[in-house]
Structure formats: structure tokens, C-alpha cells
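Think of it as A, B, C and D in the order they're written, each chain with its own count starting at 1.
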């Protein structure tokens, strides 16, 4: 029931906004639908926490702590982003970068996008998971190209081609998975149901699964933004509207990673050794290091934070690759705090860029002087994303680093270098933006900054105190990721 | 818990109430009445209370407790043992003086800035308290980084100045790198089953090489905060940038938390100390000491000079610590305890007199708006009180009897003189060399502070434009009531610590016992308040009280005799110009001139750019620029390397979609090959 | 006996598919490329029908018809409309010259076979080697996307990739569950439409469909 | 431990040192005059000078601060204290534990710092110049002195001068190479610290070369007298330290009052020789250029360090 609502609201919202998306009250409707989704997700979460894992619609849908926590996160960030995009989009329209038709497209696609993500999370059928992920790609492609500028078109095109091709590989992997499963479960619909695969995972053919995992990793990894498959990511983040950048790096990457992890579990079961884990650790480290060095060259603020997303996805991938309860816990926590912090950062960045009329960091100065809220939001957000306590990002990085130091000491030098470089790069660029003299103009609409500080407050809380039910929740999820 | 008293609980309350003050300071009320009038005095009171609790903690058995915060398996663990108690005392007592001073110092700030300063200042204090109280790796790191963060925001209070921004950036960057190193050190030490309490870390037995890795990580991690070479570069930038009370806090207390961390990790968590570690500490310490004082001699910016002296004093502390580690490593716990006590005593002393000196510098800055010594002169006539307190601080830091600086250096020398009990010939003959370094540094410090006091307070105003009526330097009023009180508190500290060392020695002895299991020998512990006898009375003893009494009485006697048998007639006249008709104020030595002999002797150490005026120069100008060599052999190369690597990595992304597809393709093929 | 016959037919069609993949790789003219793509679809339909007939999996009939509608009729038609509307008449330029591409392609095919043999061993008797062929054509179309310089052929390459996936799904396994296939088909369709829209936008913005114009966003 | 007799004796001894100090100075000057074929002044000349200065009216610059006026007394007090610590005649000094050799060096440093500050107080070019040079000498002489004392401390296992002297006096006569190094270093330090040739010339008034004189340029009358006297005491103290360390024989043991006359005689002889030696040195050598002073003193420093090292190498 809750599942139906969770999926129904955004779908409905997508249809409604496809009709009324250009109306003056469309942004409110958008936020409202997201709110409904959030409420439904909350209900679902309660149910799962109390009642444990559940399946629905002859097992086409399956909810366990792992995905329900991502569902809740997705719904929440989706809602706050909708709140943020209200004034943001109005200001964009006011600045004449968008017209009514585009706004309609934007709003409906926004809802459809969250629908596809939720579907991807909730579906028990790996095939559907793939379909919805591809759907998410299509939706976001339109969102990225919203401004129709050459740059945005180029970004969207690259995004489209690279992700489609990547995800095609994933499909082949799924076919191989099915191919292996068919032998045990037999033909028919059930062979792609994750629960069934999970049940028989240790009887699946190892050679096929290792092959399949390669395709799956390359496929979904492209969407996660793992180096060297990441090249679409910075462009898409930099050229799309800021709310889209926020949900892209805040949510879509998580969802893609979720898909990878789901598959990893099966493959590990089949192979018995940590083949997939090693691959993920490798990709994770590579992403962290390369992204860190890219960071130091950025001039465009959104592009820079896009690279920071790559870096953090790398950390999470590395954590999941290490495995073990602590690391998996840390990975989940990091997913949460990263999407909260990063979206908060993008909110502030969005308004900052609107104030200065540029995304070029050299031209953004003295935010704290002119609009303290945005300035402090950006400063604190950046410090949080850089792993400064008492913010939650530090918590997960603490666990990851100490575990890594103990289990894979060889990896820590890379992490040390990467974190250092990333800190120098991001902080060195953020500081002059928030401090110093100002050159800002006023905005036609009051910026929405509540989401920023709500997110930061949650992240701060997670750094100092993790509520027991959340812990329980993470624990169950971590236990099953292994 | 303790039935009679619970210093742990009390100090927790104190720390939390600092946080409360911080929160209240942010509440806007009129022109920030609370932040302006109440916040800092209250903070000072809490500091006093905290010092009291710390003293209790030194004498009471260790106490532990946990808070329902933090990680799931890892609620915040708190603990006070004598070591923590000692550092709490340091934090509380010194910060009390500084807070009182701050009340006066920040009086003229605008409401908005004041609120922020009040917030950050007290968060800073609280985080330092939590660093000392923490009993698990996670809480320690959180408190540690919060400390760095709050102090960073304090440093960048005047963030519209580019220099200050870059100083803050450098500071936070190095602090963060150090923090990561510390974090990794905890990672090495923890048992693997995700238990990060210090008890677990103590329990985990490490292989020697891993223990060494942990030590080195901790040493450099904490060293980055303490400001030892070669990771000191942030310090002379950040301390001058901060408002003076904050500089005092950072230099006086924050650096000490790094010392606390080193001792905690090395003696307590790792446990079995290797003497080689001690040698490493000694070498770095000696380098730091000399480097610090030699660069301090070259400075003409008063606060920068003081910052370099902090570097030097950290070096002295490291010397004591290193000797102690060597002795402990060779199995001479008694001598080791002496070294540890010397180090801790100097930690406390430096906190007091360096705090005092920074406050004095702050008063000068407030009164005259000057930081450049070359523009000062004759301030003693305008601000006698400040001059007196500053003189006390200067004598103390120059390790002159009977003030406190002398006592700790004396103890350090005594430790070095224990060298003859070592079996290892190398170590035995090396220790005196480090003592020699210390002696040299002490004398140089004396020279440096003759320069500071002589040039800032004595003589005549050097720059007419500053002395002219209405100019910045002219309306040099003396420090206000509150500021004086704060300085007086710390100056009194210099005297007390200098005159009654024995009682503190017993205190520190307990700390040493709790860490190394051994204290000083019997002969020492039963020494009464009058005689400071670290080993036994035949070996060495020192009685500052007697010393003071004798010198004062003798001096007075002389005075009385002179006045009694002769006369006190006095005539004033101009200074004698040795035949030169006009002695303009500019003929006096400047700070740079005073350092010239040192430049001459230690020339190769400095990176100098000097512009000498030509003989026929119409407007002769002499300019001198001294730079830190570390920039050129360490930091810039690293930066360039990073730049180079990133420029190469950027080639990965040249915008061609075909190439991007090729990446995916190659990755796919490579992985498939891998699977085969 | 019948089994073997149908399996031979399937293998034949598979071979045909691979041949087409190579042909597309070699093809210079965009119109012919679309034709070849349609042929691929036809072969796909045929093999699916055979599979359906041989294995009695009824939903395979649906997917066969789906394929027929989508990949033989609809998409080629759309592409035709597009290139007419966009007046694309030029020959296709490639990054590497055709023979080299062919050589690489052959290498890839061999690699794919080598990779697939151990798996094909345990495949049901009907579908030996098809998995290898599917993988081969997958890689080939990937290669085609890499070497083509214009937008349209790249898209066709993507669609060809989709085809080989579909072939793998139907022949190597007895077809994916219908709902999945529907979903995939939907995505492909929507994807094609969006591609179509993009062609126009790109043409308007860049006066050309040459993707070399889209290399502005990069690290410098 | 401090019985009244001992206390009384210590006070007497220090008073004796203070009073006798100018005599040593006078004797040194007399010897030098003889060596330079001048007709020697009276050996009591320093006393006359002091008396004259005390009678004069003091003249000080207008902008002199309290530091300027306090300094002479402080310096004098420091020297007196130093004189009290050093075992001159007997080692039974109840107050000696109050300050060991490190403190002794500290006392001299205190005096130096104050006189340097006073020199900078008036704000003339020469005051600053003198102060700077004095500190330059000091920062090398002090550690050298410490190293020398440490050598003795390592040998005797104590940092208290009287204990050191007792052990050194008691030991069967043996050549300590370490002490030889120390003695050489000590001689150089003594010359430097007391502003003698070859570092400084106590009799010069050529501004550009002078060090100590440049510092006290502004002083007159009683202030000057006190400082001059303090200089004399300093010289005396240094010489007695040297005697105590390197040829302590004949000094009276604890509680053995009978030995005092002998000790007194011995001291007189030693000091006479020392004074003559000083004069001889000052006649033989010329003053070094200022920039050579650091080299001179760092040699002393290195010799001191070598002394310690040889002590350990000889032992282990």
C-alpha cells in the first residue's frame, strides 16, 4: 500500500505537472507532491522498521532496511530540493533564462525523475531496476539540457551517450545473471527477482557471475561516476539547473551505487571470495585520488563540487568494497551525509551563482559580507563535505580510514594524499568566495535557505549523535551487505 | 564515582557551560550586552573553577564516564587522570587571565563581530577542554578538529585582509593534515573490532614496527599543531593574524594540547617507549629550538616574533620529553620521570609567560596601533603598567632566575646531567649536546627579549610620524583596568611558578607516576617547600625563595648604604652625544639592526634579500627580507608536484566523447581480460 | 532432430547478425546503415520466432512482434524521417580508417568467443555459441560508436548494441520476462525520440551534427 | 643543616669578597703597568676612584626611565650574590644549595640583561650599540660557561659548586683531559665576560670599538661607581670560580676552621698569580676585531662541549 503511494504520488505529480507545469503555482504543486511522497515514504519506513522486510505485488517489489533507508533519503532530499527550486526557478525565469514551456518540462520531469529513482530502489526485479535506471537517465537528460545553451546540449549529449552505453553493458550483465539463474530457478519471471537470486546465490555459476559483475560494474559504475567512467558527470552537473545538480549528485549516484551493491551481494555469494570487493576498492581508490587532483584545477564552482561528488562516491565504493560490518555501516552513513551535505551545498551555490550571475569562482567574492546566510551555509557546508568534525561526513570518514588503516594499510597513503589535496583545493577556493569584500546584487525573490540549514543541522547531529533506530536500521542494512 | 568529589563531572559541567556561554553570546540583545559585558568574565570564572577541578583530579584516582552521544558502539568516553588534570589546570588558570583581558580588549567591537567572537572564543575553550577529557579516539578527534575549526574562524576575524585569509587557510590546511595523521595513528593502534576507546587502544599490543608507525604518525600529527619544524610554517602566520587574546590562547594553550596528545599517545596508549623515538624527538626538538629563536631574532613584527618564540619553546618542551623518552626507553624510569616533569613544567610556564607576552603585545597594538618594533620606542613612559608586566614576561621567557622560565630549564638541564647513568655510549654523549643547544637557545632568547623590551618600551619613539601629536603612536594610553588585571594574573603566575616550584614538582610527580609508574627518588619527594631537590640534595638543589631574599636584601642593603653614607642628589640633563651635536631618535638601534650580529654569525641559515643604500643615494633606503627556507625545500616543491600531477591528470578529460567511450570500452575489455 | 534443425537455424541467424554487425562497422553511407539496422531487426525477429517455436515459450512470440514493430519498422522509419528532415546526405567519416577498424573488430570477435566458450558449454543445447556472437556484436557496436564522428551513426550504433543485447536475451536465455522486455522496449523507443529531438537542437545550435563541435566542456 | 657559625662565615666571606674585589683589579692594573714599563698607579687606586664617584652628584638624561636608575643596584646585587655562592675560602656554605652553577650563570645573565636594558633606555646610538654587542658576547659566553661547569658537574656528579669543589679537592691527583679542555675554555670565557682584551678593552674610550664602556656611557657618580665595583666583583668571582674548579687545593673543608688561615694564604697566592697572568695576557695580545669575537667564543663553546665528550669517551 505504502509502496503504491510512494510510487503513485510522483507519477501523478509528473502527469499533473505535464499539464499545469507552466502555471504560476506549479512550483508549489511540485513541492506538494514531493511532500506527499515524503510522507508516504515515512510511513513505509515505519512499517519496514517495525515489521521487517516485506515484498508486494507477487514479489515484484521488495523492501528491506537497505533500500527503505535510501527511499526515505531520496524522498526527503527530493522534497527539500523541490522547496529550494521554488524560488530558484522563479529567479531563473525572472532572469529570462527559462520560459513557461521549459518550466513545465522541468517540473514534470522532476517528478518523473524521482518516480524512476524510487521505482529503481523499490523494485525487486533486476530487469525493472535496469529499466527504471535508464528511465532516470532519460528524464535527467532532458533536465540537464533545460537551458538549451550549446554547453548544456553538449553536456546532455555526452551524458546521454555515455550513460546509455554504460547502462547497456549493465543490461548484458543482467542477461548473464538471468542466464545463470535460469539454470537453477528455471525460466520465467522469478529468475530475475532479486530475493530469489539471493536465496540461491551460492549455487549460481561462478564464472558467469564474475563475467556478469564486470558488465554490471562497468554499467552501473558509469552512473555512479567511477573513474574512468565518470566523464559525463562534471559536465552534466555544471550545465544543468542547480536543483538538478543537487538531486543528481545527492540521489542518482546513490541509487546507481545501490544497484551495484545489490549485484555485489549476489556475486559474492556465488564466488565466495571477495572478487567484487577488490574491484570496487580499486575503482573507489582510483576515483578518490583522480577526483582529488581534478578538484584543484576547477574554475567553475558547480563543476568543482561535481568532482567532489565523484570523490565521495569513491570513498563509499571503497568502503563497500572493504566489506565488514563497520565499513558497510560507514558506507551507508557516508551515502546519507554526503547526499544531505552535497545537496545543501548546491542550494547555497545556486543562490550564490544567481547573486553574482556567474559560476566562475574567481568572480564570486565576500558572500558572508553581503548575505551571511548563504555565505555561512557555503562555508560550513564545504567544511562539512571536507570531513571536518563535528559534521557527520567526518564520522564515516573516521570509520573508513581507521578500518582501512587496519585492514588495508597500503590504501591509506592514497587516501591521505587525496584527502589532503581535496581539502587544499576546495577550501582554498571556497574561502575567498565567502570571505573578503563583496560584489553581489540582490535577488528578485527571497532565497530558500531553510533546506540548507535543515540539511546541515541533520549532518551535524549525525556527527555527534546517531539516533538508535537509525543505527538499528544501518546495522540491518550493513549486516546484509556484509 | 568518587564519594567526596567528582572532578570529572565538575569539569564536564564547566566545559558545557562554556558552550552555553558561546550560545548565549550569539543571542542578539541590544548592542550584544551579554557578549560585551558578561560572556568573557563568566568564561574566566569557569576557567578558574576548571583549574580547581584539575588540581583535584591530580590528587584523586582516575575517573571515567560515558555520555550517550557519539557513534553507536562508541558513546563519548570521558576520563580524568593526573595528566588530564594537570592540563585542565593549565587550560583553566591561563584562560582565566586571558578571558578577563579579552573583556577589555574586545570592548570596542561592533555587536555583530562581538557575538561571533564570543561564540567562537568559548567554543574554542570548550573544545580544548574536551580534547583533554576525551577518552576515545572518536571524541578526541571531534574535539580536536572543532578546536582547529573554531580557532580558524577566530584567526580570520579580520578576513577582509588577504594576508589574514591566506594565513588562516595555511593554518587550517596543516591542522587538517595533522588531524588525518593522528586519525591514522588511532587506526594503527585500534584492535580491529571497531573499538576505539582508549582502554581498547591501551590493551591492543602492537608489533614493534607498527608501534613505531603509530608513534611517528602521532608525533608528526600532533607536531603539526604544536608548530615543530618542519611543519611549523602556519604558526608565525596565524598567531599574528589573530586578535591578541586569541593569539595568547593559541600560543599559550592550544599548542599545549598537542603536547598533551603526544604524551597521551606515547606514554599512555602505546605504552612501551623505544629510546630511538626519544632520539627522534630530541633531534627535532633541538632543531625547532634553535630555528625558532634564530628566526625570532630576525623579526620586527612583535607578534610574529612572539610566535617564533612559541616555536622555540615547543622545541624546549620536546627536548625535555625526548630525554625522558630516552631514559624510559633504556629503563631508567626515575630519570625519565624527571625529564617528563621538566617538559610538563615548561609547558605550564610557557603557557603563562607567553600568554602574558601576547597580551602585552595586544595592549601595545590597542594603544598605538603598532606591531612593527621599528616604529616603537619609549612606550614605558606612556604605558608603565604594560611595560612592567611585559618586563616580567620577558625575564621569565629568558629563563632568568628567580622567575618560572628558569626553573623548567634548570630541571631540563638536570635531566641532561643524568646522562652518565646511561649504558649506551652514543646516547650518553649525545644528551649533553642537546643540553648545549638548550643553553645556546636560552642565551639567544635573552638577547631577543633585550631587543624587544629595549626597542619597544625604552629609548625614544623611533618614527617621528608615529610620535607626532595626533598620530597613531601618540595617544598611547596604558592598558585598561580589565586588561591590566588579566596581565597581572599571568605575571603573578610567573612569580608563583618561579618561587614555589617544589609544590608543583610534587604535583607533576604524581602525573609522572601515573604515566611511567615511577616518580622521582625518595630524596626528592620528601623535599620541603623551600628547597627544590629533584634527585638528591648532594646532586643538585635550588631555592628561588632564598635566592630572591638574598638578592633583594643585598640590593636594598646597597641602596640604603649608598643613600645613608653618601647622598641621593640627582641632576637631569640631555643625553651625552659623544660629541655628536644632534642625536635624532632615528639614530637608535632598530630591531633589524639589533639582530645584525646574529645575521652575521648564522648567515647561512637565513634566506635574506637585502637592499643596501648606495653611498651617493639621495634618499638612502635599507630594506631587509628574511624568508623561511622551509618554503623552498619542502612546501613549494610539494605544491608544484601536486600542480604537475593534476595538470597531467587533466589530460584525461579533453572533451572528446569518442575518447570517453574508449575509456569505458578499454575498462570493460581490461576487466574481462582480468576475469579470464 | 527438429531441435537440432531449429538450433542450426538460430545459429545461422546469429552468424547473419554478426555479419551485419561487421557490415555496419564497415558501412560508409548513413542510409545503408539504417537499412542494415533494419535487417538486423529482421534477423532478430526471425531468431526469436524460431526460439519461440522451438521452446514453446509463448511470450517470445510477443517479443518477436514487438521487435518487428519497433526495430524493423518504427525506428528505421523515424531515422529515415530524421535524416530527410535534417538533409543528412554525407558519407560517414570515421576516426580510424575502415580496414583498421575491421581488424580490431575481428580481434574483438575472437576475444568475445574465447570469453563466451566456457559459458556456452553449459548453455542449453539449442543455443551454443549464440552468447559469444551476442557479446561479439555488442563489442562491435560499441567499437562503432567509438569510431563514428557524427551523431546519427553513433545513435545507430547504440541501437545496434540494443539489438545484440536483445539477441542475447532471447537466444542465450529463453527470453527475459515480458515485463522487462516491454520496459526495455519502452526505454529504447523513448530514447530514440529524445535522440531525435536532440538532433534538431544540436543542429540548431551547432549548424551541424558533427560531434567534433561538442568538445568545449573539458579540463584545461 | 645551617648552623649559625657557618651562616656567619658565609656572610663574612661574601663581604670579604666584595671588599677585596677592587684590590684584585688594582693589582692587575699595577702588573700591567709594570709590564708596559709605565710607572704603576697605587694598588688602591680603584678604591679612590669609587670614593670619588660616590661623592659626585649623579647626572642622568631627561628621558631616563626607572630601569635606568634601578640597574646599578640590581647589577651590584647580582654580583654580590654570585660572590656569596662561590666557595672562596671554605666549602661549608649553608646558603650555597640555594643556587647551583646553573643558577650562578643565571645570575650573571640577569645582571647582563639589566645593564643592556639600561644602556638602551636613554635612546642614544651608542647605548644600543653597546647593548647589542654585549648580548652578542653573552649569548656565546653563557652556554660556553655552562658547558665548562657541566664538565665539572659530570666528573663530580653534582651541580653544586661546593660539592664539586669538595670532590675535586679530595680526588687523588690525576690528569683529567676533560678538565684541561674546560680550563682552556674557561680562560677564554673569563676574558670575554669581564670585558678584557682580546674581546674588549676596559681602558678604551674609542666609541666604535668599545662594548662594555659603551653601555655605561650614560652613567655617572654613584651609579657608575656601583657598576665599576660590580665589574671588579665579577672579575674576582670568575677568578675564584676558576681557582675552585681547576686548582682547588688548600681550600678549607666543612667545619674545619683551623684550615682557614692556610686557605686564605693559598687564595692570596693564587689570585696574585691570576691577576699577574691576566695582565700578562692583556699585554701580549691585541684586541680582536668585533666580528672575530663570535669565532673566539664559539671556540670556547666547542672546547667546553669537547670537554664533556672526552669525559664520557674517557669513561666509557
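Note that contacts are C-beta pairs under 8 Å (C-beta built on N, C-alpha and C of every residue); 3 or more make two chains touch, one makes a residue touch a chain.
Here the structure is a predicted model, which is why all the values come from computation and not from measurement.
**Q** Taking each chain's centre as the average of its Cα atoms, which is closest to the average over all protein Cα atoms shown?
**A** B
**Q** More C-beta contacts across B-D or across A-C?
**A** B-D
**Q** Could you find the chain whose CA centre sits the greatest distance from that of chain A?
**A** Checked the centroid distances; the maximum from chain A is D.
**Q** Nearest whole angstrom, what separates the Cα centre of chain B from the Cα centre of chain D?
**A** It comes to 36 Å between the two C-alpha centres.
**Q** Cα centroid separation between chain A and chain D, in whole Å?
**A** So the centre of chain A lies 79 Å away from the centre of chain D.
**Q** Could you grab the centroid distance between chain A and chain C? Build each centroid from C-alpha atoms only and quote it in angstrom.
**A** Between these chains, centre-to-centre, one finds 31 Å.
**Q** Take the average of all CA coordinates in chain B, do the same for chain C, and state the distance between these two points in whole angstrom.
**A** 70
**Q** Which residues does chain C have that touch at least 2 chains other than itself?
**A** 115, 142, 145, 154, 211, 214-217, 219
**Q** For chain A, give me the residues that contact two or more of the other chains.
**A** Where chain A meets two or more other chains at a single residue, that happens at 157-158, 161, 165, 211, 234, 294, 297.
**Q** Could you draw the chains as nodes, link the ones that touch, and say if you get a line, ring, star, complete or other?
**A** It is other, because the touches fit no line, ring, star or complete pattern.
**Q** Please give all chain pairs that are in touch with each other.
**A** Every pair of chains meeting the touch criterion: A-B, A-C, B-C, B-D.
**Q** Under the definition above, what is the set of chain A residues touching chain B in their complex?
**A** Counting only chain A, the residues touching chain B are 157-158, 161-162, 165-166, 169, 210-211, 214-215, 217-218, 222, 228-229, 231-232, 234, 279, 290, 293-294, 296-297, 325-326, 329, 368, 383, 386, 388-390, 394-395, 398-399, 401-407, 409, 412, 416, 419-421, 423-424, 427-428, 431-432, 435-437, 463-466, 468, 471, 474-475.
**Q** Tell me, which parts of chain A touch chain C in their complex?
**A** Listed in rising order, the residues are 60, 125, 127-128, 130-132, 134-135, 138, 141-142, 145, 148-151, 153-158, 160-161, 164-165, 168, 171-172, 175-176, 178-179, 182-183, 187-189, 191-192, 205, 207-208, 211, 234-235, 238-239, 294, 297.
**Q** Quick one: in the complex, what on chain B touches chain D?
**A** Counting only chain B, the residues touching chain D are 377-378, 380-381, 391, 395, 398-401, 406, 410, 413-414, 417, 419-420, 425, 428-429, 432-433, 435-436, 439-440, 442-444, 446-447, 449-451, 453-455, 457-460, 531, 537-543, 546-547, 550-552, 554-555, 558-559, 562, 565-567, 569-578, 580, 583, 585, 587-589, 593-594, 596-598, 600-601.
**Q** Would you mind writing out the residues of chain B in touch with chain C in their complex?
**A** 650-658, 661-662, 665, 668-669, 672, 676
**Q** Chain A touches which residues of chain C in the complex?
**A** 57, 115, 118-119, 122-123, 131, 134-135, 138, 142, 145, 151, 154, 158, 161-162, 165, 168-169, 172-177, 179-180, 183-184, 186-187, 190-191, 194-195, 198, 201-202, 205-206, 211, 214-217, 219
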